[in-house]
Amino acid sequence: MNSGSNGKQPFLHIKREADLDKEFSKRIAKLAHGEKLYGCIQCGNCSATCPLSPYMDYTPRKVIAMVRAGFRDEVLSNSTVWLCASCYSCTVECPKGIKITDIMYALKREAIIKKVYPRNFAIPALSRTFYDEVRAGGRINETWLLTRFYMRTNIFKAIGFIGLALKLFGTGRLKLAEKKLKDRQQFRRMVESTSN
Amino acid sequence: MSDNQINKQAIPANWKPRIAAFFCNWCTYTASDLAGVSRLKYPATIRVIRIMCSGRLDPQFVTDAFAEGADAVLIGGCHPGDCHYANGNYKCLRRVHLLKKVLKQMGLEEERLRLEWISASEGKRLAEVVSEMSEAILKLGPCKVKQVVEHYEK
Amino acid sequence: MANESKPKIKMAVYWGAACGGCCVSVLDVHESLFAVIDAADLVFWPIALDTKYADVEAMEDASIDLCLFNGAVRNSENEHMAHVLRKKSKILVAYGSCAHMGGIPGLANFSDRESLMRRVYDESESTENPDKIRPQHHYEVKEGTLEIPVFYNDVMSLGQITDVDYYIPGCPPQTERLVEVFMAIVTGQPLPPKGSVIGVSGLAQCDECTRKKSDQRSVKQIFRPWEIEDDGETCFMDQGVICMGPATIGGCGVRCVKGNAPCRGCYGPMPEVRDMGAKLISTIGTMIDLEKEEEIEKVIEQIEDPAGTFYRFSLPAAKIRRKLS
Amino acid sequence: MSHHKEEIRIGVYICHCGHNIAGTVDVTGIAEYASRLPNVVISKDYKYMCSDPGQVLIGQDIAEHKLNRIVVSSCSPLLHEKTFRDALVKGGLNPFFLQMVNIRENVSWVHTDTDDANLKARDLVRAAVHRVAYQKELTKKKVPVNPDVLIVGGGIAGISAALTMADAGKKVFLVEKEPTIGGHMALFDKTFPTLDCAACILTPKMSSVKKHPNITLWSYSEVSEVSGFVGNYKVKVTRKPRYVIEELCVGCYACVDECIFKEGKFPDEFNLGMSKRKPVYLPFPQATPLVAVIDDKTCIHFKTGKCQQSCAKACDRNAIDFNQQPEVKEIEVGTVILTTGFKAFDARRLPYYGYGKFPNVFTSLEVERMVNASGPTEGHVVLKDGSKPKSVGIVHCVGSRDEKTNKWCSRVCCMYSLKLAHLIKEHTGAEVYNFYIDMRTPGKGYEEFYDKLLREDVHFIRGRVAEVSDWATTSDEEGKLIMRVEDTMVGMVRRIPVDMVVLSVGLEPRDDAQDIRKLFNISCSTEGFFLEKHPKLAPVDTFTDGVFIAGAAQGPRDIPDSVAQAGAAAAQALALIDSGHVELEPNTAYITDTLCSGCKSCLNICPYKAIAFDDEKRKSVINEALCKGCGTCVASCPSGAIRQNLFEDEEIFSEIRGLFVESI
Amino acid sequence: MKYLYYPGCSLRSTGRAYEESLLAVFRVLGIDLAEIDDWNCCGATNYMSINEHRAIAITTRNLALAEQQGGSGEVHIIAPCNACYMGLQKTKIYLDTEQGLREKILKTMEGAGLRYEGRVVIRHPLDVLINDFGLDKLKMAVKKPLHDLRVISYYGCQMVRPIATFDHEADPVSMDQVAMTLGATAVDWGMKLRCCGGSMTSTVPDVGQRLNYLLLKEAKAKKGDIMITACPLCQFNLECFQGKISKKFRDDISIPVMFFTQLMGMALGIPEKELGIHRLFVKPRPVTV
């Protein structure tokens, strides 16, 4: 990125064509079930309907513009896509039928494959933990999911949630053990036989 | 399954399906023009013969096309209710239904005869149908009727 | 009547893959037989005379004036005789539906040699053949090698094997037609162009049929003949019964319809029609007066064995001559 | 089988169409290939066959090489068959000795693999060479054109076409579904971009229609049946009962005043339900014809039979007739112009804009009525509670440019939104926001109008409004409608509180467009607008000769374009009428007597009842004047006795054979 | 009609009351449910983020198990959790429409000894209640009508998005209809589809809690007595963080949030214990008193 600029700050915001990943949009289009992202008219409806866009670095509209233009590193290494909560408002309201939520998923997966997702950000960690839990046991035990998640990220943060956890245990809404699948080995084999 | 393999082996390397297409002047032929004007792309497998109405489609044209060497036959007409001549397309529909039953008895694969309603505005549909059909016929391999007609087996 | 001084013409009748009905139809000339005998010498007629194939093979080429070849070509014997008789005959006539278009034996083209053999020699209810014996083309016995004809995979019409001068259709042909043709040859009348179908009226059966036809034909259901109460007066088509008459050339005198049975199409198609079955599909398909696809489907379901019905006598001569394997 | 009496001498011409064909197809190779086909005497390729030199080339070769059959391999026959038939005539040949091969639309434009494309082109040329040998000499039949014209739809397009035709001395029947002509334009106050008064320019035209001696105006009427063919259509028009004798009524309002309903009670269609009318009413003061109408669904007399009929008593001309029945008029015309107009998009289909839920969300048409001095609010733009809005948001592209509703741009919304923005600002002084995706102002003076608005202190926000809600997050949002949008210029999501929302609804095909289409046997595009014969070269023709289209029934368009198109349609109709006759394609069916057995299989299948039975000859007979040449009877004749000119069995069989007979 | 029942993981822990009340209500109404044997997690949103095809594979396993258990013909699966419901729907649709994907997943299934034929129909309990059982019948079963109760229906995201099968994608009304059938007043509000943030309450508490704050605040502003939901995560977020949210935003936004099935149970006269009312943090006083 930005090679040849000697790292001087003023050039950082200038993006040269050579720095862009021209194949990026094709890959994302394929991963996200369709070529429709090319039909985006930049109306911003997605950003406006998105409840989380105020917290994002780039609005969904801008993400699509950037994907189309090939701003791969910016899009992937950013927290924006991880803030998508999969509420699908954008997908439903898009006048061009673009499956924006699926694009967000595709970007998340791409970020993980490329290992460029924001490391200090908790959401990818939860996804990872969740994924491992399911792969191992077939079902989620929310107690262990959260425990492992906090261990993975910031154990101290968990302290703030101890009170809540106790209350949940008290009302029977958290349990230590959960019924598991009959043949977890076979389940795991099935999962692993599926390539992406 | 083994039949299938034999069939596949028999397909010449550079073979491409040839589909005789009978299109009605008002809808499907116009759709083929529209596909052209819109520069839509589809495989060069069909050979269009223009008739005024799908009602002119004589099943003899279909059996003749097979006997002459067509790998498949596509018939295109106006959507039901839209026939330029009131209801010629329905008459075509009935004939084709009966013809299909007979051809099935003759052992011809169903995919080789297709009737589609494609209106003048559906250039895209036309391209899709031709692509789908070409793919299906490519999988089936050449039609054997001509071979049978030319060489009676003793 | 043939002139006494005029030499008799030489005539042959051959029986290929057929039921024998055509030979019987020749006998049906009744009293006219005398006229025939007056004018012709029968030099070969397996059903009536003991002439050997070798005798025929020994004849001079073009020494037979008229040969009536009935039956389809089903095996190597039929084919051999077709070629021999062609060579020996001045006028070779494909006589009857089987020689003309393949006829009823032609329906075997819906099957193939192997399955026919299997059915006959292994599977039929009355077969007991534990050693799975099948006829062999060559068979060694003490006395030497026995040869029986090769059974072909396909049934063919005569015209598909050799050059035919005239076709006289029918299952069997109407005998009066034969006499007319015969007399024309004997009396030296100008003959029609080679390849013509003769002994036919030139118009479809309906021309002679006296049943009442509706101007507003509308068929919403198809029946087999026994499913209706035929009034003997109304066109079968109008009653929803499939009659091949409209697509079948006349000449038989509407025999079947006069007997209150729908025409089965043995006389073959009209001259402009190239594929009789396909043409009937067109006529009958168009007639079904329905527009909903499911309803159309339902009516078509009522037609039992449509391919066998429409190509009853003409499968080997059809555009698609047989079932594809 | 036909036996050629003459020697067949075929000339084959392969067109390059500049680069259009030659870019993909090896035109010289194919010309060389064709030269080796049976009966081909000469084979050439040429840059533009349809050009004059191209046509002359054919003529010269006919003379020089004694050609008697011509194959032109170029574009679609639907485009240039006539051109080349004329070239044959000029060269002294019967025009039907021509066969065209479509190697442009059907080959070069749709295939990318050049080997496959060349193979296909060769097959097609070979098939044409085989077919043309069997083609016969034919003559076109001439039929006279009835000079009368039917115009369906009395909006501005229909009115314009009617006046043009009538001024040219033709007898015009103008049929309108509603009680009055005027269409959508009658609803408007001002027209863009000139802001001239719609009524001032429309109503004189409406009364001209009424007064014109050559125009028969049937309002409150619908076409119910159409038969016949170009130049000779037979049409049935059903006149709905309006229970007022049109010839007697002078539109004095006495009946309306005396109706037992003292006040209007039922939603007034003309004001889009924003005001009320009585069961007996006149749509608006300038309605044409100015004749009252009684709505039998709301009139007490029709509902209960127990009305004192004060309206009838009030009419001193005895014009009210409660016993009126639908009346069917039968007319004969030579040409038809369809100007049935459009329907506005129903904003209820987009719940996130709150139309029907929040009272102060209006459609643009409702606001058009509001700003109109004769409208329900007498020209005042007001909220439902009667107060003036302090802020108004106008949402563009409502229902348009959206895959879930209408994919197309409705063309007029940007401009009318700007007009409304101006009028609202003028009437109320409110803050006006335009929310647009793209600003589309291609038209004479349109961009200038936009520019004027930009300087009028009207706000423009580029972004599609996601939601109109009453969810207030701050005190200044309380009681307001909040519009959420990304201002894509700034790159921020904004919430904008307004008092009134105007939804600029798009244009879509009318619900009855499909019925009209079927009646007149024309086509619709995928979206449902009437389909023109050629988008560029025949924009007002349809695939049915003698039927023309104009106005928004063919696609969204504004008033000037509708009027221009109506003029074009009228000119086309006049050209047809003034030529006095039309030539019909000779593709009719005929019966060979010597083959017809009288089986009657054909009688009931002709949709035009062109086949009759001659009881004496016991054979079917085709009435050539009624036959339209579909060929259905030809295909189903079991004897092969029915044949079709231009589409003879042997021509088609030969074409099939030619396609497959050999491939190189 | 018999339905197969896919509970999903949350209905066994934080959303336990949803399962308890759903089963109780369906029992009383006489709707038969049989749990899918050996079901596994649907993958929710998280799994998709890591590996889409594996996410689809594990969901397909559930569909295949259901077909196996449900016999021939259409097999109707009730998935009460919005995320599960959508996950199963989406999987079915993608398998129906994407040939390559389908072939691949079916191969995986074959490897696991399973067969998926596409005979499943994914149903939401609301869909079944309204379209199969019928609101008229429900009305007759009501023993304690909830008069004078202002109910705020919160639909959450994935019940009608991105696939709306039984309710309008932009303006769902099914839960409001049920509330009205129970005798309550359905409060119309503009945020019934606005996202609660999902797991963000735990991962990015600042954002997650703010989203919930906005929802609760508007619910209060519309004078709601009670909020109902059809999603375990929505319910968890909206209810269990009320303390934290109140403190953080210095605003009293406390309002009972319960599953719609719990509210139904109350109206049908089912004992509170069976409906898991005791598991709620915020006691639904308007209905219990």
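A, B, C, D and E are the chain letters, set down in written order, and residue numbers restart from 1 in every chain.
Assume a residue touches a chain if its C-beta (ideal position, glycine included) is under 8 Å from a C-beta of that chain, and two chains touch if they have at least 3 such contacts.
This is a predicted model, so every value here is computed, not measured.
Steps from chain B to chain E, taking the shortest chain of touch contacts, total 2. Common neighbours of chain C and chain D, listed by label, are B.
Seen from the Cα centre of chain C, the chain whose own Cα centre is farthest off is A. Between the interfaces A-D and A-E, more contacting C-beta pairs are found at A-E.
The innermost chain, defined by the distance from its C-alpha mean to the mean of all protein C-alpha atoms, is B.
Per-chain Cα centroids separate chain B from chain C by 33 Å.
Chain centres here are Cα means. That of chain A falls 48 Å from that of chain B.
With centres taken as mean Cα positions, chain C sits 77 Å from chain A. Counting partners per residue, chain D has 352, 467, 605, 632, 635-636, 649, 653 as the residues that reach two or more other chains. Shared contact sites, meaning residues of chain B that touch two or more other chains, fall at 58, 60, 64, 87, 91, 95.
Contact with two or more other chains is made by residues 93 of chain A. Pairs of chains in mutual contact: A-D, A-E, B-C, B-D, C-D, D-E.
Looking at the complex, you find that chain C touches chain D at residues 202-207, 213-218, 235, 237, 245-247, 250, 270-274, 279-280, 282-283, 285-287, 289.
Listing the residues of chain A that touch chain E in their complex gives 31, 33, 51-52, 55, 83, 85-89, 91-93, 99, 101, 105-106, 108-109, 112, 122-128, 130-131, 134-135, 138-143, 146, 149, 160-161, 164, 167-168, 171-175, 178-179, 181-182, 186-187, 189-191, 193-196.
For chain B in complex with chain D, the residues that touch the partner chain are 16, 18, 20, 25-27, 29-30, 32-33, 35-37, 39-45, 47-53, 55-58, 60-61, 64-65, 68-70, 81-82, 84-88, 91, 95, 119-122, 127, 146.
Those residues of chain B that touch chain C in the shared complex are 58-60, 62-64, 66-67, 80, 87, 90-91, 93-99, 101-103, 105-108, 144-145, 148-149, 152-154. Here chain D touches chain E in the complex through residues 350-352, 357, 467, 469-473, going by the rule given at the top.
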